[in-house]
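Below are two complexes that have subunit A in common, paired first with subunit B and then with subunit C.
Let's turn to the complex of A and B:
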């Protein structure tokens, strides 16, 4: 076999592409990963944006990484080290706060300060969400069956699914139906009364989507984020030592250990297609590399509209992909700090700094933040989820200094009048101004500031419209419709050309499930 | 009342759940936080501080100090260099382990022995006719173990002299907060780590200095729960948990030889007479009947046992210290004596005594697990110890 010929080429060294590469290499295939940038990870990268200060530039926590991937690839041996991240503090405008601690009983005591009923409800709500997540979990590990197909494998999959849902029993099935159709605010209204609690919980229903907490469908995203909670002792939830780039590097190291070759600064221009079959890739440098399997880890728009010619694809698919909704809605602000933020609601240095802060004082607050975005503006008073990685892993910043990671919503990709440098800075100011209301010393502590809007995310990572999930996690874009009916099984109409990114089922978060299922499908097809 | 350590006035206000436990007559913290997660994480990610003052500590001095210790323990003390620290076991005449600990050669004729149990009488018996003085200094010396990848940075910031040149299992005199201390590159976590030996009356000043400079390095006071997880990952044996002192054992089966604890390397092949030498030589030639090994429980196997009753696997958040049967093809071949979920390796691990010939690495075994009140067997493997052995430990 000549040196520049491989069994499989993976386009894009994001975490899913690396997972696919590792599984294919583990099965004995000769695998090449081609990454456009100088480092691996796509949206899961750690970079010294300012000297001495390391940031998880985009994606910043890990909750959904599939335990079977951690085990199969022995990621801890390759450098994965997940550190605990237990608490969430929601500072309130009246100077009080709502805290969720690592100890559930302590958390209930805290909630009872605000609402005794809510404190009690957390027990039953937790159980229900556990059951819901358990119900959905098998789907995450399943290649989606086509409900309109009579092929034996599809029927078997549907049968399994049908049996699975029947086994839920009527109560849980109805709860599941509600979760799939309701807004997170309405869903939580059925359980809780304390507004900041509902807002903080509903926030995970809007992350990465162009939905507000009152938009139908947002409850499912809530469930999606619950999924990391049910792995029992496995507890894959937390902060990765060294930032999220270390997760990508661990997967990359595992892939290399299995024999995969990984090339960085090797952008792919085109997939070579001959007689309806992929035959390799052409790099932007003009270099041609041959392989019988080509796998795209990029999002559906790039996979189908950029890397291959539309003429090689059915018109319906091209049309579907054009309609696939990206609509990036989140931004990121990374701060290098000379000292810790001192929160008025919980002054001084303490355990609060080891966890997350959520700026979600009320459901109205979140909905208003969404209203701004709906009308083409970034949120004047945005929702924010913030952590201080240097408190968890001191190696992220020089001794005594800190890094702060702020996930911000909403920042619409399509801003009225378009994004400019001035608007980016205005967006950064809105974030810092809002946070400063809760931690007045913040402004004076900022040494450096990096503000990332959806167009910045698109430019740096390649994610279309800056959508962090490679396409919204909306019901019409999930399971057998992700990214398109008939092409949800990681295959494409071009023989030997596959997809493995988060734009396929189940998608979203540093989960790796898409990459693993794609590899399993490819190996089954070979 | 239990005794309190020299650091008690600093540690007492930190222990949120009052989770004190007994350790050699002293009150020791199980955990300062609610759960050991963060304290354990500090061991592997930053710097954890354990108050290990309850250890028994003896100062052995005099012309024959080296001879006494060399006669007593299984390692070669005569050849130890000044500034060297030896981990060793010591045995009775039948080659069964009495205790294990460290010996620091502080100068030519001055040694410090640490032990889990009282050994004053045994030292005296072994010192018969030798020019030595033996003093128990347990309560005169406070001890802090600073363990984790940033422990070196903390000590470099806190101590008068840098510790960069201090090699694995070496000890140096130093000063912290104006107090004369000894710092040894030792510990019980299998990670980069140091132990600081400080006069009891100045202990608090040393604690304060370490905490003040350590804040920038994520320094975290940690208790026995965190230590237990770390030492299981490191495959380190614990007296009264994994084995019993031959001085306490009621029946022969409760005793262990160094070979049965897989501590072969600590039994000198070349040195002169010492306790148990003949029995140990014979056992080495014959091969040990038992070995102390690692057990990894197969997660998928455990998961399916739980899934069968509709649950996710649930494991205790602290390490267990009970005897758990180990089977091979449904026949019991040994028992695990400690076990825990490894938050770092993401594996369910145990330390076990396994009978010959079932102790070879990667042998398929089953460990008893209790799932919803039913005793079941989860498949797993025998593994080589340690489970975790980072380069930084010795680098």
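Let's turn to the complex of A and C:
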């Protein structure tokens, strides 16, 4: 075999691409990963944006990373170290707060301070969501069967799926159906009365989607975010030591240990296709590399419309990809701080700084933030989720200084009149101004500020329209419809060309499931 | 002594009458108990000013499935659809949607070449998807927890009819249902006027805006039973709603159903954990072994029945039903018809003011915060165009639907807001149809609160519960109790709150009659 020839080339060194690479290499294949940027991770990177200050530039928390991947790839040995996030604090407009702690009893007592009824409901709600997450879990690890196919394997898959749902029993099946179709606000209304509690819970139903808490479909995203909690404690959200990039690096190290070759600053221009089969890739530099398998970790738009020629694909697939909804809805603001933000609701330095702060004072607040966005403006008073990674991992900032990661929603990709530098700064100001209402010292503590809008995220990570999930997690874009019916099994109509990004089942978050299932499919096909 | 009643049916609306006819024709002795003075329920025609009459809730009769027509033995004379069925108004322009696909394409060509070309395929997609829904609507909803051979068989039949569509078509159906109307329409069209008109149809009587998931389904729901390409109406009968009601009354009497008016039921009697009869407003009791209620589930289960008989989880589920009426109806007596741009002569169909999806969505925003829209979307129909007897000679009666006007106002109350909302709606209409309000001679405003009082519709919700994805099929009206039977032996529900829901005329009643008969076999 010539040196410049591989069994498989993975386009894109995001976490899913790296997972695919690691699994293929582990199975003895000769694998090459090609990453456009100078560092690995895609949207899961750590970068020193300002001297001495390291940020998880885009994705900043982790909970969904599949335990089987951590096990199979022995990630802790390769540098993965997850530190727990201890709490979520929601500051309230009246100066009070709502806290969720790692300890469920403590959380219940805290909720009881606001509503005894809700504190009681929390137990039953937690149990139901646990069951729901358990019910969905096997589906996350399943290559979607094609309901239109009569192939025995698809029929068997469908029967298995049918049997699975039947085994839930009617009550849980109905609860599941509600989660798939309802809005998170309506769903939570059935359980709780304290508005900030509903708002904070429903916030996980809107993250990364172009939906408001009152939009049907948002309850599913709520469940999606609950998924990570079943493998660990009540609040199993965590933060990777060294930032999110260290997760990517750990997976990359594992892949290398299995023999994979990883090249950075190697942007791919095209997938070479001959007689309906992928034969390798051409880099932007003009370099050609051959392989019998090419796997794209990019989103469906880039995988099917940019990397290959549309004429090699059926028109139905091209149509499906064109109407696949990306619609980035969130931005990111990274702050370098001279001191810790001092929250009026919990003054001074304390355990609250080890967890997350959620700016979600009411369901109406979130819904109004969405109203701005759906009419083409960024939220004047946005929903925000923020953490101070330097409190958990002091290595992220110089001594005494801090870094703050702020996830902001909504910032529509398509802004009325388009995004400009002035609008980006105005968006950053809206974020800082809103936060300053809760932590008045923040403004004066800002040493540097990085504001990322969806077009910035698109430009830097390649994610179409800046959608953090490589396509919305909407009902019509899930399971066997992700990204397109008949092409949801990681294969493509081009022989030897595969897809492994979050644009395939089961989708977004630092989960790695798409990458793993793609590898399993490829190995099964070989 | 006459034979005692087998079954009491509560409410003489379409569903109640169809249920009664179905049971009587199978040999049961049935009494229909209606609180009001006349039959018809939501089809009721109101004389809102001397000589001016209109049926505020039934300008479109919905779809009358063949099962209902056959089962009740109805002889109805159908008329061809209005032409145009819908006139969409924008600023200075209009678009007529016509029953013939080619005619609508020709109209669209003025606005967009591409929309004109895509209309036939879109009409085909809607027709196919609505056809599939139509099959779902004429049988009890599927149950995932199939526990008998029969259930497996019906699930398998459903799967086959979905597969029978063809591979690509099946995917289109599955993909389309959860979409928002805005997403579906954006996939196909570029004309704001066309998208606005179709989106308005999708969100009619729904508290959600057209950008909310599931509103593609509500659009499809309103097309079930219509010929492909026909939007805005499904059934047009000679004589309209009153003809349907008198045909039903005629069939009911012929089958031996006893009809009692001004006979409100105040209580459902229970003995030995089963229905034993009903109590009327005058204190009299009617013993029977089954009660079929066309009222909403909250009235039936929590007001007429003593909830002590029900399990708390079921009560909780009934309390979760979302009604959320958002429509105000204006009944207007007019001294003539306004000129509608682009249409020669009187309009027998609907005139819709929803010039874009964004306009509609903004109108919907207000309702989320318990306010009536400042810029509402309106639909205007003149029933007197088809039936001149509804207004004095040379005059016309108009029914105007105004959205969004939520039942629950956060500030103020409906007594004060009614005229504000009406004036605002007329102001909007005047902008698109100049001089419209100067032709109004008299008006009646029916807010969601009024619709509740007048028609017994909880929260003024016409479909007795929103037709959103989580409240249809096996979830309607309560998960696990979607097949007409309730947890109380002998008590059934048959209103629009049950599968297949609003706008499928008489089908809930017909399915309830079948369920009662099947229930007897098991008892």
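The criterion applied here is as follows: the second predicted complex is superposed on the first by the 520 of 526 C-alpha atoms of A that agree within 3 Å, B and C clash if a C-alpha of one lies under 4 Å from a C-alpha of the other, contacts with A are read in each partner's own complex, and residues count from 1 in each chain.
By our rule, contacts are C-beta pairs under 8 Å (C-beta built on N, C-alpha and C of every residue); 3 or more make two chains touch, one makes a residue touch a chain.
Worth saying up front: this structure is predicted, and the values here are computed from it rather than measured.
In the superposition on chain A, A:51 makes contact with neither subunit B nor subunit C.
By the touch criterion defined above, A:418 reaches neither subunit B nor subunit C.
By the touch criterion defined above, A:152 reaches neither subunit B nor subunit C.
Of the two partner chains placed by the overlay, only subunit B lies in contact with A:86; subunit C stays clear of it. Shared-chain residue A:76: touches subunit B; no touch with subunit C. Applying the stated contact rule after C-alpha superposition, one finds that A:163 touches neither subunit B nor subunit C.
Of all the residues in subunit A, the ones that touch subunit B in their complex are 67, 70-71, 75-77, 81-84, 86, 102-103, 106, 134, 230-236, 241, 354, 391, 393-395, 399-400.
By the touch rule above, subunit A contacts subunit C in their complex via residues 147-148, 165-166, 169-171, 173-174, 177-178, 181-183, 186, 190, 211, 214-217, 316, 323, 325, 364, 367, 371, 374-375, 474-476, 481, 485-486. Those residues of subunit C lying in contact with subunit A across their complex are 143-146, 163, 167-168, 170-171, 174-179, 183, 187, 208, 211-214, 316, 320, 322, 358, 361-362, 365, 368-369, 468-470, 474-475, 479-480. Note for the complex: subunit B touches subunit A at residues 34-35, 37-38, 41, 44-46, 150, 153, 157, 216-218, 299-300, 306, 311-315, 341, 343-348.
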